[in-house]
Amino acid sequence: MTTTHPRCLLTIVCEALIAGRIEADLARLGAPGWTGTAVQGRGDHGRREAHWENDGNVRIEVVCSRELAERIADHLHARYYADYAMVCWLSAVEVLRPEKF
Amino acid sequence: MIVDPVVYFFGFGLIAGLLRADLRLPGPIYDALSFLLLLSIGLKGGVELARHGSIDLLLQSVSVIAMGVALPLLAFPLLLRLGRLRREDAASIAAHYGSVSVGTFAVALSWLASRDIPHEAYLALFVVLLEVPAIVVGILLARGHRTGLDWRELGRELFLGRSVLLLAGGLVIGAAAGAEALAPLEPVFVDAFKGVLALFLLEMGLIAAARLGPLRQHGLFLVAFAVFWPLFAGAIGTLLGLGLGLSPGGAAILGVLAASASYIAAPAAMRIAVPAANPSLSLAASLGITFPFNMLFGIPAFVALAHFLGGASP
Amino acid sequence: MIVDPVVYFFGFGLIAGLLRADLRLPGPIYDALSFLLLLSIGLKGGVELARHGSIDLLLQSVSVIAMGVALPLLAFPLLLRLGRLRREDAASIAAHYGSVSVGTFAVALSWLASRDIPHEAYLALFVVLLEVPAIVVGILLARGHRTGLDWRELGRELFLGRSVLLLAGGLVIGAAAGAEALAPLEPVFVDAFKGVLALFLLEMGLIAAARLGPLRQHGLFLVAFAVFWPLFAGAIGTLLGLGLGLSPGGAAILGVLAASASYIAAPAAMRIAVPAANPSLSLAASLGITFPFNMLFGIPAFVALAHFLGGASP
Amino acid sequence: MTTTHPRCLLTIVCEALIAGRIEADLARLGAPGWTGTAVQGRGDHGRREAHWENDGNVRIEVVCSRELAERIADHLHARYYADYAMVCWLSAVEVLRPEKF
Amino acid sequence: MTTTHPRCLLTIVCEALIAGRIEADLARLGAPGWTGTAVQGRGDHGRREAHWENDGNVRIEVVCSRELAERIADHLHARYYADYAMVCWLSAVEVLRPEKF
Amino acid sequence: MIVDPVVYFFGFGLIAGLLRADLRLPGPIYDALSFLLLLSIGLKGGVELARHGSIDLLLQSVSVIAMGVALPLLAFPLLLRLGRLRREDAASIAAHYGSVSVGTFAVALSWLASRDIPHEAYLALFVVLLEVPAIVVGILLARGHRTGLDWRELGRELFLGRSVLLLAGGLVIGAAAGAEALAPLEPVFVDAFKGVLALFLLEMGLIAAARLGPLRQHGLFLVAFAVFWPLFAGAIGTLLGLGLGLSPGGAAILGVLAASASYIAAPAAMRIAVPAANPSLSLAASLGITFPFNMLFGIPAFVALAHFLGGASP
């Protein structure tokens, strides 16, 4: 049987316009990596589509330790929730190479 | 007054948008169209700049920048007091209207060309000069003395933004290469211009339709501002142009620039620097009202004004 | 008989597709090409419509719509009985073949143009008129009296679909603006037409290759239908065209429209309204067989027929 | 430590052609929001790619209560499974702002 | 209440260049289906963007049994980890149609 | 020596990239531009091939392929010994430089055209012939006798890759259709060529800027190789061209091909077949240095050399 190690997956969905800033924040907070996708969606800030410049959303996934995921989520909460369309959620995942995440 | 056919494309897009028909060009195509427009305008301006550039240009440039600073300072109290808008929204709208719309500029060029009205072709330079100052003024008006803004980051965003950079790059390449060397590039950058503009405007019509919603909620003031401010600012720009010795056609274009409102650079910058401002307000006004208004009425009005004051009949 | 070079591009795409080579243009580019084709065809048709439109047009339009209703009603029992297809599949294929293919229409225009065969240029109007009726007939044939279909939603899908809207919008703009005003747009909408068509056909070849698979499973009947029905329907269309007083070139084009099968509007509409129909069957026939068959044999055949019956030699 | 609240993540993958109808269904059923991505894939209905119009898939994510997620899944099951290429799955996630989801 | 069945979601993020090979591997190993998304990201192999041909990432999701997910993950580990930019993680999901996954 | 204006676009992209400005065209647009360039080059080459093809061509083709095999065999020991690179990296870089860059070829065509220097227009054939052999040699050099490589899969990747297929498809269509039949396609495939090339080079500049980083880490040897090897290989190519009886213009083009380094086909193939090779090394050299070096200095140098040795002055 494969040995797996528990980690946390933090999923962030936010305005594409602030993606660059979040990328910088992730690096500063020590995220081991991330994966980003261009998405659209609907939430409290209405419908957001990628057709028109600045108007799309991005979805950023970070696999890391539970502590780091919470630290990042708290930071995003404090810094962006008031002003920008953004949601995030955490979930439990398992990885094969614990040293990488 | 005959309507330039490119305006029909805007109208077509607007109607399709209001019918909520799915006529959108994919995002990458829209990007490519605006990329091409900006570069084409820059190249043509650059060729003319190298040909006719003179010492006058320095004075003209300084005056134009001064206008870019002054207009939002005039618009702001109007929006704040008369419009009873929140400070952030007033500042943001002032920034949008102080900055410029390249699409409107392109329609104005096409309008003059189809009527053979002569004008200084280096005016693309003024687009570059007018894009940024009003945005900076708007940010300062919104934030006052508050600290915490990363001006270095914002400076990058402003001066290395797509439109400033493509226009400026086009200007430099156009000036460096000259008309003759650029001739083989004309099928893409000159001959295709009006077709590309038509497709771009179709898309703008669709986008404008999606932006009209918020106007219903925000009452008459914004609509009135979006119509009357351009008339006022356009008159100022036209007068300044004549005062700076531009031909009537050139002065009218400066009027169009003054009257036009940004819908790409300003929204992005304000969203980053003044996130508390409501982006739908400013976009509804600039894209939903002022853009079509200028295309239909503003351009001919400023051309007529310039010719009335400046001599030769249109 | 010399092959139009644009057909080589289709062949190139087909071969590349069968070799499973990755030659696909990105989706947005394909979208932009078909967007441009539709708008170009509409604009040109609109200019001619304003020039030559007459009272005859009304009769012609009604007759053409009647043909669009009649053809799927003829095809349906054939598919159901002879082909032993399921009711939904027979109805769906009837809808595809009753509707039209703009790509085939564009190749026919290019074919006539390269041989200087005169034809009524306003025929783009008939493309618009033929697109929808057969689809509605097909849906009714498939669903019988069953309820539960949201016709309002479906109406939007049909009449505000990309191809109908772009053709119709182009027609209106072309008619409103006129040839002279549109001249500066020609580099994009006229001169580039055949190059754009070539790229579009390359892509269509790739798509057709991917659609040939299902034919192997569904036996000879579908292949035979995809070849013989177009010959029959095309003859009907050509005769109708001559009967309506069109020039031989114009009658041949109406024949091509009757012979052609939809591969964009019909699949989408049937997928929504008749989801039980197997989309690969109809697409394999329309795109994999009828489309290339018409390009190579249908177009010259209907032109020859029209000239044989209608007078002047090709 | 950050306080998180359990929610359910419903992931739907289906034909792009019915994305608009699913969006309307989500609104009607009361989903607090959703995020959509253009994807491709393979399943029982074969390979689905986004190159050719109508042929792509979309992936729609909804973070909401467990009950609502099940209600949506049941609705999709009843309405679309028979006729369209579609799969969906549920998973447990944690959110920071319980009032939002 | 809806009856759901536990399954495993395997998420793979790797260089787009090897997407075709992974797709073939999945078929050979018996995956019931997959969903693929064009993404970008950052990890130990640096920033990977989709702008320049060959340079993008893909994100592949497979819902299947736990055993199969582990078998796929082990295979990827053995075959690609040394040479290519790639990460993967497992998580628990629930599906409605157990026979499908 | 006057710089071709398309080179300014590369410079503009390079500067924007170094300033880390976001000027990227969306991926689909970049794809479409290179698609169009490849097809245009192929079509033009095909037309000329049908016109001037002769028995000589066979000898020329064999010699050119031999050069494609020989050059990486010469470069490999140099990179391994002098450069002290790992075996995989040396083999990979040898493959990149033995293969060719279509972008460089396009700039060379544009350079000759703007100076009215005659040249055999069927040289696009040599691009096709040179693309693959060096890559195969590189893979063999890297892997030695090791087994486990799926050559069938790799063969597909190589011979059905975009650039080989588009060039070859264009050649065949061009030869089959002939100049006259292709005339209506010229607005897209001929007239737009230089504008499309300019946009493509702008994008290449941005990509090159992002590739310069690794050079700092890997010392002077790679930079020296990226400058001096092209001079050496280009001289060989030019001499071979003269020896094969090409005009000075044609010989210079063969020199340019020899001097140019692949940055699309080779990176993809090496990444798959020799994953242990570091892709940033080879791309930094080929795209960051050799590409601009050839555009600015290589092309004029080989033209001058060809005219010096081959007769007629430039």
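Every chain is named by a letter (A, B, C, D, E and F) in the order it is written, and numbering of its residues begins at 1.
We adopt the following convention: a contact is a pair of C-beta atoms (placed from the backbone, for glycine too) under 8 Å apart; a residue touches a chain by one contact, two chains touch by 3 or more.
Note that the coordinates shown come from a computational prediction; the quantities given were computed from them, not determined experimentally.
Asks: Quick check on the contact graph: shortest path length from chain C to chain F, in steps?
Replies: Steps on the shortest route: 1.
Asks: In this assembly, which chains make contact with chain E and also with chain F?
Replies: Touching chain E and chain F alike: no chains returned.
Asks: Would you kindly say which chain has the C-alpha centre located farthest from the C-alpha centre of chain E?
Replies: B
Asks: Centre-to-centre on C-alpha atoms, which chain is most distant from chain A?
Replies: Of all chains, C has its centre farthest from that of chain A.
Asks: Please work out the Cα centroid separation of chain A and chain C, and write it as a whole number of Å.
Replies: The mean C-alpha positions of chain A and chain C differ by 46 Å.
Asks: Nearest whole angstrom, what separates the Cα centre of chain A from the Cα centre of chain D?
Replies: Whole-Å distance between the two chain centres: 19.
Asks: Averaged over CA atoms, how far is the centre of chain B from the centre of chain F? Could you give it in whole Å?
Replies: So the centroids are 41 Å from each other.
Asks: Using the touch definition from the top, which residues of chain D touch two or more other chains?
Replies: Residues 37, 91-92.
Asks: Any chance you could list the residues of chain F touching two or more other chains?
Replies: 26-29, 31, 187
Asks: Which chains touch which?
Replies: Those chain pairs satisfying the definition are A-B, A-D, A-E, B-C, B-F, C-D, C-F, D-E, E-F.
Asks: Would you tell me which residues of chain A are touching chain B in their complex?
Replies: So the residues of chain A in touch with chain B come to 15, 17-18, 50-54, 56, 83-84.
Asks: Note which residues of chain F are touching chain C in the complex, please.
Replies: 26-29, 31-32, 35-36, 39, 156, 160-162, 165-166, 169, 172-173, 176-177, 181-182, 184-189
Asks: Report the residues of chain D in contact with chain A in the complex, numbered from low to high.
Replies: Touching chain A from chain D are residues 1-2, 4, 7, 9, 23, 27, 32-37, 63, 91-97, 100-101.
Asks: How about chain F: which of its residues touch chain B in the complex?
Replies: Residue positions touching the partner: 2, 4-6, 8-9, 12, 16, 19-23, 25-29, 110, 113-114, 187, 191-192, 194-196, 198-199.
Asks: Enumerate the contact residues on chain B facing chain A in the complex.
Replies: These residues of chain B touch chain A: 24, 26-27, 30-31, 207, 210, 264, 267-268, 271-272, 275-276.
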